[in-house]
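One chain, subunit A, links the two complexes that follow: it is found with subunit B in the first and with subunit C in the second.
Moving on, here comes the complex of A and B:
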């Protein structure tokens, strides 16, 4: 008791200095990242811009998936279905029916929200491996529908998906640098929204569910609607990535909602680190860069990527962001 | 007024009847202990009362109204809060975060998507008050996983108190606690508001005899005896089935 009283100010001072140091480190990293991201169009060639655009789109997908994996503790193996649904939504709306993007994009996202609420209401009744498998099953169902339905043009997919018309701003989104800035703007808005939601009381309930669902129930929370809410939020963010992906390639086909694509999302979250909004984005960057780098060296890049993933799991158990947070004195 | 009434409650798991035609009533403000040997059905009784299990037959009434079986969240919202036999906290969060999330469950802010927890000072105040009551104010910023076992037991009760319950059910709150932590727990339970009904499952007879007015003894899922400390200590059936000679 006496010891605790004597040491308390010292402990508080040490904790305070650690937390100040962590805050400064975080600020420096954030400034470097923002400068690097914004300067990219001027510093890189077309190849660099291509990679950066892919990273940002993949980062949105992974950040959406992380609402479930990192914050709610539900690992989905089928979330690429919502990337595909977002892409097909804008494809059907704009390329087939000729709707303007300001109509087809919101309609797509509302449809994804409705579909994901129905899918989530079923899936969130399960946990663990069952949740993983049931989300995978739904993903395969949508994949099968995309392959078979005449509306989606089967495995050939849909072409001619338009990019946004930015002429009122004096910009042309066909120019890679302009499209990159457009994607980046959408990404920043998505990350800001996600950061706000995960830090809200709603977000804290998701964390409680992840930590101990029974305790959350005993506290008086009806956890079902919260889990469905997390599922829908996650799906809509993934659909935003799908819309951007379809605009980026002017194309969407069933591969966008394959189980491999879902698996890649999980890898990005694990590599970057769950429990942090920016973790999946870092994971997406590492994933895209390592995959591209390895593919330049060997055609069997998947083999080496597997080794890389194992090393990350072995040495960065909390992901890259989690490990650096721990090193900087913050809890993961 | 009878705060909690259990009428003819039965619970069977397959062919095994764990609770058999059990009835009891606990008036408002009473400190009631439920004791008995392992397997007597104490925790199952708690699980039935708090909605974690559904009874095979019988009913449970809170202030005259039936409690909905199988929905522990709704039971908690009716004012019946519990602590668990095993620590069930949000381990990687801090003590304060645990208390804030528990306090927030009964506040309209629990549905806020975009607000910051700082926007809801009432929730924060309640979390701080409970921390003071349960002597946890000095470790609010500590992650739960860094707490000692005894402090986790304190937090377990504190989380239940955040709900501002009418009835608090504590399942072996002193289990695994050191003698000093046990004394501190007795003091804390004694200090709880007298309007709060407390029902306690506990094997530690010092805790039971120190804090409870009435004791119910269960054996094989049935009420063996109910009475004051002296009545229970002098009951030959209870001595034979559970207490033994040292507590008689």
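Moving on, here comes the complex of A and C:
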């Protein structure tokens, strides 16, 4: 992830050099994908809808994590803490203070931004494997806090987390299809925001940090604030996923920020290929389907998941997208 | 004053346990640059295999000496069969292999649950080491003093082996220049596998030592290994001296916070970590890297 040469056309290529025809093809592919994503659940019935909703939520989590792992080259093993904080944010806001969602969601996200700025300021002082260790340690700290603090109702977690009230649009978000469209809308907005940010000068500096931090420093960039910025951005997107996850299950408990959840996030990013734009989404799809498949054939989820994890790292290090690209000979 | 003395002893005892884990982690990282995120798994595996040995032979001492064989074998195989081939295929040791061991952590947690179920087990304290003894004015369990003694003994032995023997010289040479060591006719792959096994065995040994104090269950390694991660970051990753002093700092902080500031218990070691990151991000004994 860190010591890789520039080989990611999406990020590193000069944008103007791509031919118009390639752009049109890409646009068509994107439109087909979006239509398929919107239409697919209805084609597959209720079970398909459940899976699709889980995939999209997991995809937002992976996309947020990808800002750090893929673009900045900082592998965090603790980002489930922000998913959990997002969920607990609306849990505490709605269930304890009785706030409406339009208050509790923004307040949660602002709190996550503030917390992640503090945590990020500490964690980004290290790099590489130490960053991995320290983020994992912070994740365990929040996990411990969720288990032990009285506010969060211990390991039982908090139930009764409300879904958005869409009655002004004449819709009821308790209906799975409506909730799916709501999740999809939030996901597209998040992806659009992320795509815009990573293509901005800010995003280029993040890539520069990934490729060669010393050189970025030598060019005069204060890499510290950029790294913290990437950390906050990725944390907030993860918190959005946490809010949706909590609304989807009406429930949040400390398991949302366990080390396993963080590991699942890393795996999704790796499967998707750490740098590809659509990668996290594909990674989430593969991950959710494999998880479902495993739960059908075995109750020893952790064991098989761990083996799957090791196989992916060993053989699909460039992710599904990267592997297919290599097979198709599109990469040198 | 009595409470303070008691808590200090508790703190040293916890520090020694953490040190056994941190030493294994540090040995592996120092020599091979592989961060073993599954280190907590070896702690758990050691405790279970010690429990098996103890229930088969009825002797704590058998558990102590037979138990670490299983984590040694698993660590040896993990390095020689899985990690080494990947290194040879040009994988970056740092992140890829750390992530691979993260997957291994899942797999072992699952395997242990599958084999032993969700029950709690315990290894009884041996008769010689049960009971209390007066330390200054405090009545302190003999077994906990034994843990302190073992920790100090291991620290001393490791220091002697690494600094004063030919084996240690080979290891130190391997850290500095791998090609040169190979050119001297040493099978560095075998050395790597053995060191990985020894690191894992140390973690397993810690698991067995801890078993009479804490109960054995599938997630027992997680809490302590996270504390160990804080220790190696505080002490400077890959530095044995750093992990010893780091373990003392962190173990004492944790114990004292539990005793005197129970509300802050969860956050105490992180406050230490934050302070360290602000003033010495490379850790107590780490060398500062070049920034530009």
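Brief remarks follow.
Here is the rule we go by: the second predicted complex is superposed on the first by the 272 of 332 C-alpha atoms of A that agree within 3 Å, B and C clash if a C-alpha of one lies under 4 Å from a C-alpha of the other, contacts with A are read in each partner's own complex, and residues count from 1 in each chain.
Everything that follows uses one rule, which is that contacts are C-beta pairs under 8 Å (C-beta built on N, C-alpha and C of every residue); 3 or more make two chains touch, one makes a residue touch a chain.
Note that this is a predicted model, so its numbers are computed, not measured.
In the superposed pair of complexes, A:23 makes contact with neither subunit B nor subunit C.
Counting the residues of subunit A that each partner touches, subunit B and subunit C differ, and the larger count belongs to C.
When the two complexes are overlaid on their common chain A, residue A:136 makes contact with subunit C while staying clear of subunit B. Contacts of A:204 after superposition: subunit B is touched, whereas subunit C is not reached.
In the superposition on chain A, contact of A:217 is made with both subunit B and subunit C.
Once chain A of one complex is fitted onto chain A of the other, the partner contacts of A:196 are limited to subunit B, with no touch recorded for subunit C.
Shared contact residues on subunit A (touching subunit B in one structure, subunit C in the other): 214, 217-218. Of all the residues in subunit B, the ones that touch subunit A in their complex are 50, 72-74, 76-77, 81-82, 84, 88-93, 97, 100-102, 104-106, 109-117, 120, 123, 138, 141, 143, 159-160, 162-163.
For subunit A in complex with subunit B, the touching residues are 4, 8, 15, 196-197, 199-202, 204-205, 207-208, 211-212, 214-223, 331-332.
Subunit C contributes residues 29, 35, 37, 82, 86, 91-92, 94-96, 98-100, 102-111, 113-114, 222-223, 226, 229-230, 232-233, 237, 266-267, 270, 273-274, 277-278, 281, 290-292 to its touches with subunit A in the complex.
Per the touch definition, subunit A reaches subunit C in the complex via residues 1-3, 75, 77, 122, 125-126, 128-130, 132-134, 136-138, 140-141, 144-145, 148, 214, 217-218, 259-260, 263, 266-267, 270, 300-310, 312-314, 317.
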